[in-house]
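As C-alpha cells, here come the structures.
Here chain A shows up in two complexes: once beside chain B, once beside chain C.
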Partner chain A sequence: MTRVFFSVLSRIVGARMIGLIMRLMTALIMPLIMATTMMAAMVVHVYAETRQDAVIGLQLEPPHLDPTSAAAGAIDQVLYANVYEGLTRFTENGDIIPHLAASWDISDEGRRYQFTLHQDMRFHDGSTLDAAAVKFSLDRARSDTSTNAQNALFQGISNITVNAPDQLTIDLKQPDGNFLFKLAWGDAVIIAPDNVDQLKQSPIGSGPFKLTSWIKGDRILLQKNPDYWGMPVALDQVTFRFISDPVAAMAAMQTGEIDAFPVFPAPENLAMLATDTRLKLINGSTEGETILAINNARPPFDQRSVRQAIAMAINKQDIIDGAMFGYGTPIGSHFAPHHPDYIDLTNAAPYDPAVARQMLADAGITDLHLTISLPPPVYARRGGEIIMAQLSQIGIKVTLEPLEWAQWLEKVFRNKDYDLTIVSHTEPFDIDIYARPDYYFKYDNAPFQSIMAELDITTDPTKRRDLLHQAQRHIADDQVNVYLFQLANAGITKTDLVGIWQHAPTQAMDMTGVYWKN
Partner chain B sequence: MRVWRISPFLIASAGRRNLISGGVILGIISLAGLISFFWTPADPTIMNISNRMQPPSMAAWLGTDHFGRDILSQIMAATPVTLSVALVGVMIGMIGGIPLGLMAALIHKPFFDHVLTRGGDVLFAFPAIIMAMLLTAGFGAGISIAMLAIGLFNIPVFLRITRAAAMQQRHMTYIHSARLAGKSMPRIACEHILPNIAPVIILQASIQFSLAILAEAGLSYLGLGAQPPTPSWGRMLADSQTMIGLAPHMAIIPGLTIMLTVIGVNLIGEGLRQRLDPYRSRQANYVEMDIS
Partner chain C sequence: MAGFILRRLGVLLLTLFISSVIIFALLEVIPGDPALTMLGINATPETLTALRDELGLNANALSRYLSWMGGMLTGDFGLSYTYRTPVVELLADRMAITLPLAIYALIFTVMIALPFGFLAGARAGKWGDRIILFLSQIGIALPNFWFALLLIFIFAIQLGWVSAGGFSGWDKGLWHGLAELTLPAIALAIPQATILLRVLRSALIDITHQDYIRTARAKGLSRDQALWRHGWRNALIPVVTIMGMQFSFLIAGAIIIENVFTLPGLGRLMVQAIGQRDIILVEAIILMMVLIVITVTFITDVIYALIDPRLRRPKS
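And now, the complex of A and B:
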C-alpha cells in the first residue's frame, strides 16, 4: 500500500522531492517524539514520588471545632493531637506519654504534680505556649462557669501555680492515680488564651497541623505547621472528608478517592473491600462499650428483675453478627476487655428466653410495651431491629424510634425522655458515669458511688484493681443496662499508608505518625 | 401518506390483551398478599442470624436476608401493606379532588375557581416524599402517615383532571336541557356530568395507583413508611443497599416485585385507556400510519 502510494507520489513530484520531504519530516518529528518521551518520563517520575497528603474518611462532621465545650467525638477526631495538644497524650495502645510536658515530679503523697514544659513552644498564631497558657486552659476548664463536657475530670484540682515560664505546679485535693490519664483527654487540651472567642470556628492550637479551611458539609483541610515545636510530621496536608452514606463510602474507597476510612459505616463490606490488594483491613479495639441503656428511673425498669429479664432475652452474639457482621466482643459490664483490670462477666445474664419470660411473669409484668430510641449508627439501627425481635420472644412489644444525633442528644441524653436506647460509650475508662445520679440512665446507687469515691483517692495498684473488679461486678449484678458488646475499630486503609491507628483508645484520628510507604 | 383503517375488533383485543396480562400479574401478586394473611412459608419476622444472606434454595425459595428472615414470606406479608397504602392514597385523592374539581368547574365564580385551582397548585408543588417528611416531623412515621401523604398529593391531581373534563361538559346541550328541566347544579353534576367524565377519572386513577405504589416503596425506603417489624418492599431495598455485592438477591427480589406490580397496574391502565378513551372511540377506531 505504501509502495503504491510513494510510486504514485514520485511520479507526480519526483523522487528527489520525496527525499527532501522525508528528511524534513524526520527533522521535525524526531524532536517532537523525544520531547514527548521526556515529558512522559517526567510525569511518571512525579507520579512515583511519595505522596505528601492523605484523605481520611469520617462518618460524622463536627458541629463546631471547640473540643473544650462539647461532647461530640467528631471534634476530637479531627483536632486531637493534630491541632490541639495536652500536657500528656494517648498512644495508639492507650498508654499515657508526656506531650507538652517534658517531665514531671509527683510529691506530697500524690497530691502535688510539678510539670516541666518543653522549651520554645508556640501556638499557630505565633503566641507563646508557656506555663501561663497551661494554667489559663486548665483553670478555664475547671471553673464554675466552664462549659467543658468533661468538667468532672478537673474537679480534683485545688490550685495551679506558675513557677517559671516552663515550670508549673498543680495541687490536687486528694491523691489521684488517674490524674495524668485525665490530662490526656481531648477535653484537657491547651488552647491559645487570645483565641477564646473564636474557638468554635478557628481553632488555634500548638499541634503539627493547623486548620486551613472547613467546607461545611464536605471537608476540613489541615496544613502542616512549619514552626512546630516537636518532631516534624511527614504529611504536608490532611483532608478529612465527611461521608455518612455507606454506599458513598464504599464507592470512595473503591475508586481510591479516599486513602483511609478508619471507622467504616458498613462493616458488611469490609471483607469484600479487603480482597483488593491495594487496601487492607483495620481491625482493632475501641473504648466503645455498646449498651442497651435503660431508663432506671422509669417504671417498670426501676425493678432489677425487669432489667434482668430484658438482659436475659438478648443474644449478644446475634447482635454482633447481625448488626456488625462479627466485628465486636461481647461484654458483661461497662468495661473494655483489653483493659488490664477487666473481668469477664458475660455470664451475669446468660441468654435464656424461657427464664427471662418467667422472671417477667414473677415480677407481675404483663403486656409490657416499650420504645427503643435509636441514634443513626448502624449498630443502633440494626441492633434495634434484632433486639425488637428478641424481646418479642418473651412477649415484650417494642416500638423503634429512629432519631438523628441532635434529636437523640436533646431527647434522650439531656431530657432523659426514653425507655431504652442503644449507644456506644466511646470515652476511655468511663465506668464512673454510673456514679452520677443525674446521668441519662438515672442510676442512683449509694454503694456504687462510694466504690467510685474510694477509687478516686486510691493510688495503690492492687487496691485499685480490687475496687475496679468490685465496680464492674456491682453494675453487672444490678443490671443497670444491658451491656452488649465492645465496639471494634473496624475500617479500611490503603496498604501503602502507614501509621493509621489500629486501636482507638480515645476519639482521635492521629495523623502525626502517618506517612506513605515509598 | 395513507390512512389505514384498523378493525375496531383489533383495537378492542389489544386492550383486552393488556387488561388480561395486567390482571394476571396483579392478580397473582394480590393473591399472594391475601394468602399471607393465613399462611407464609415462614414467619416473616423471625430472625435466624446464623442463616443469613442465603441465596434462593429449596429451604428458602427466595433466599434469606441479612437477619436470616425468609424473603418470600416478607414479600408476601408486605403486599397487603403496599397495596392498601396505594389504594387508600388514591381514594383520598379521589374523595377530596373530584368534588372540588366539579365545584371549580361548575360554580360560575372566577374567584372561587382561582382559589381552588391555585390552592391545588400549591399542594401539588410538594411531592409525596416532602409531604410525608412534613407529616412525619409532626406525627411520627407510619403506614397511616404514608397513606395521608400520598392521598394529599393526589387531591390536586384529581381536582385538575375533574375540573378540565367537567368544563368541557358544562356547555353541552344536554346540560342546558337538564337545567331547563329544573335540575339543581349539584344534581346535574352527579347525575349527568360525573358519569360522562368517569372514564377519564378511572384512567387517571389507574395511573395514580401505580405512582402510589412507587411512592409507598420510596417512602419506606427512606424509613417514612411501614415501620419494622412490618415488612415492606421499600425497606427491604433500603436494607439491601450496602449488601448488593454480598447477596444480590436481597435487592433484586423486592426490586423485581415492585417493578412487576407497577407493570401490572400500568397494563391494566393501558387496557382501560384503549377501551374507555373518549377521544379514541370518537375517532371511530382508526389509526393513522405514515408509510411513505
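And now, the complex of A and C:
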C-alpha cells in the first residue's frame, strides 16, 4: 500500500521532492517529540515529592562498627553524629560545640569540669543515657586494657564522679586547654553500657539515626530515630554505599544512583562531572597535613641545612597540580590553614633550586642518594614521582620504594627504617606529635617540647594563640619535615541536596543537617 | 569406580594439608602487624599490647598453627582480626555471591560455547565457521574489565535498565538478585565462552579425521550423524578440562569484575583482608579457594571417568 502510494507520489512530484518532504517532516517531528518529552519530565518534576532519603558514596567500608576500638576513619564516617554522640562535637568548620552536655563549669584552675547533661536522653534500645553511662564510656576508654586507638586523649583524666543523673564531674591531672576538643572525637562517644558485647556488629547509640541493616561489602542503612532527644532530622533514611573503584564510582554518579560522594576516589574526573548542572563540586579542607617526612636522626638529614635544601628544591604547587589535580592548599608548617590560629609560613622555604643546590654544596654534600618510601594513597605515589624529578634538579638521586600500608606502618612508622616518606596526618590538631622524641621522624627538640608542655596547661585563649604561633614557627624554622599541602575534601553532590559538609574537621559524614531542596 | 574415587579423595586431602602449611608459612614471613594496622599511628604502646593479647598474636607460630588447624577440623575458622566476626560467617556471606555468580557465568559460557563450537567444528572452513571464528577472536582479545565497563556504559548509564553496580542481597528475591548479577555474569562469560568454543571446534575437527568416523561414514551415516553419535563424547574430554579450569578461574579470579561492579564477593574480601593484615581471614580464604580448585579438579576427574571408561582403571 505504502509502496504504491510513494510510487504514485514520486511520479507526481519527483524523487527529490520526496526526500525534501521527508526531511521537513523530520525537522518538524523531532523537536515536537523532544518538547513533549521535556514537558512530561517537567510534569513529573512538579508532582514529584521531595525525597526523604539520601544515598551517600564512601570509598571504604568500616571493618566493624565500634568507633572506640579502631583507627579506621570509615567507622566514624558512618556513625559520627549520626548514630553516636559525645559530650561535645565538631561542627563543619571545626568549632567545638556542646552536644550531650548542655553546659559546663570549669574550676580549680582548669582542673575540674562539671558537666550538666540534657534531660531525658535515651539510647536506641530505650535505656537511659545519664551521667552513669558517660562515666562508664570514658572509664572504659581510659582503662589499662582499653583498645581505644586514641587512648592518649583520655590519659589526662584522673577521676570521674557521678553527682546526679544529669550531673558529672571530671577531674584532670593538670589543666588542659584542649579537653573539650578531645571529648568531641569519634573515639570519645558515649555508648550504651549494656551493649558493649555487641558493639562491633549492632551499635546502640543515642543519635538521630539508628542502624537498620548492614549488607556487608555493599551498604549500610540508617533509619530516622523517632524518639531522638534533640532536634529531629529531615531525612527518613540514609544509605551509605561503599565503592572504592574510581570507575565504578564514576558510573554510579552518572546513573544518579548516588546522591553525594563527598570524598571522591577519582579527583581527575570531578571537573567533568561538575559540568552536569544537576551536580556540584564539594571543595573544602580536611585535617590532613600532607608532609614529606624526614628521618631527622639519620645523617645527613640530621643537618638542618640539608633538610632546608630539600625543602627549597620542592615546588608544592606542582605537586598539588600534578598529583591532586589542583585540589589542595600549600602549607609551610604542620598546621591546618582553616584553623583560627594558623599563620602562613609557606615562605619559610621558598622554591629556589639554585639556592638549594648551593646549600647542599656548602654543607659538603655531594652525590646524595636517598630513598623515598611511599604508602599506597595517590598523593604519595604520584607525589613521590614529582618530588623525585624535582630533587634530581639539585643533583639528588632518588629511589622510590612503594609500600603497602601494613608494610609502611611496620618499616617506616615503627622501626623508623627510612630516609624520606610521604604521608598525610589526618588527625585534627596534631602539632604535638613533634614533641614526641621517639615519633617516626625522630625530632628530639627540648625548646619545642617545652612550648607544647606549656600549651597543654594553658587555657587562656590569647596565650594559647601566642604559643601556637611559636610552635608553628619553630618547626618551620627547623624544617623538621617538608610541609607540602593540606589535603582537600574534594567530592561531588547533587545540587538539590543541601547540608553536606564542605570541610572535614574530623572524618565524619554528618547527615543530621542534610535535606532536599524542592 | 569406588577405588578410583577413593584414590582421588586421598590426593585431595594431602594437597589440602600441604597447602595449609605453605599458606601459613608464607603469611608468617610477610611484614606487617595486624594490631598496628588496626590502631593506626596515634596508638600508645600499651594499647597495642592490649590488642595483641586480645587477638592472641603473642603466642608462638607453631602453637598458633596447631590451634588454627585444630579449629578448622572442628569447623571453627576463628575470629577475624579486623571485622571481629567469625570467619565462617564472612566466608558464607561472600560465597553467597561468588558461587552463584560463577555458576551463572558458567551457564552463559556453556550456552554460547557448545552450540557455536559444534556448528563451527562441524562446518569447518565454511562461512558460518569463519564468522564464528572472527567473532571469537574479538572475544578472546577483549579484556573482561573493559568489556564490563562497556556493558555498564550501555545498559546502566545510557539505557538505565540496570544499576551500575552493587548487590543488595538475596532477601529481595531470586529474580532481583539474578538481575543484579546478569551484567557481571555476561562480562565474565563472553571471554570464557570464546575460549571454550575454540577448544570444542578444534576437538571436533580432530575427530572428523579419525578412523572411526570414516568407518561410520562408510557405514552410511551422514557427517552430522557420525559426529553426533561417535564424535561428540570424545570431543567432550578437552571441553570438560577447560571448563574445570574456567570454573576455578571464575571463583578465584572474578576479583576485577567484582571491583568494577562493586560486588561484595570473595576476591574483594581477600584484597581487603591482605591490606589490613587480617591474617586469619586471608588464610581461610586462600584455603577455601584451594579447596574449591581441587574439588573442581576432582569432579572433573570423575566426569572424565564417566565419559571415558578407559580412565577408570589405574595405570599398570
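For the reader, a short list of remarks on this structure follows.
The rule we apply is simple: the second predicted complex is superposed on the first by the 443 of 518 C-alpha atoms of A that agree within 3 Å, B and C clash if a C-alpha of one lies under 4 Å from a C-alpha of the other, contacts with A are read in each partner's own complex, and residues count from 1 in each chain.
Note that a residue touches a chain if its C-beta (ideal position, glycine included) is under 8 Å from a C-beta of that chain, and two chains touch if they have at least 3 such contacts.
Computed from a prediction, not measured in an experiment: that's the story for all the values here.
Upon superposition of the two complexes on chain A, no clash is found between chain B and chain C, which fit side by side.
In the superposed model, A:N151 lies in contact with chain C only, and not with chain B. When the two structures are aligned on the shared chain, A:A363 is found in touch with neither chain B nor chain C.
Touch criterion met: A:P402 reaches chain B, while chain C stays clear of it. Using the contact criterion defined above for the overlaid structures, shared-chain residue A:M452 touches neither chain B nor chain C, since it reaches no partner.
Of the two partner chains placed by superposition, only chain B is touched by A:D321; chain C is not. Judged by the touch definition given at the top, the superposed model places A:I96 against neither chain B nor chain C. Residue by residue along chain A, chain B and chain C are tallied for touches, and C comes out ahead.
In the superposed model, A:V247 makes contact with both chain B and chain C. In the superposed model, A:A70 makes contact with chain C only, not with chain B. Closest C-alpha contact of chain B with chain C, superposed model: 7 Å. Residues 247 of chain A touch chain B in one complex and chain C in the other. Put simply, chain A touches chain C in their complex at residues 61, 63-64, 66, 70-72, 144-152, 155, 200-201, 215-219, 241-245, 247-248, 251-252, 254-255, 257, 404-407, 409-411, 413-414, 425, 427, 430, 440. Taken in their complex, chain C has these residues touching chain A: 31-34, 36-44, 46-47, 50-51, 54, 82-85, 90, 93-94, 149, 152-153, 156-157, 160, 163-169, 259-265, 268-269, 272, 275-277. Note for the complex: chain B touches chain A at residues 45-47, 49-50, 52, 66-68, 141, 223, 227-229, 241-243, 245-246.
Across the interface of their complex, chain B is touched by residues 246-247, 250, 266, 268-269, 272, 318, 321-322, 382, 385-386, 388-390, 392, 399-400, 402 of chain A.
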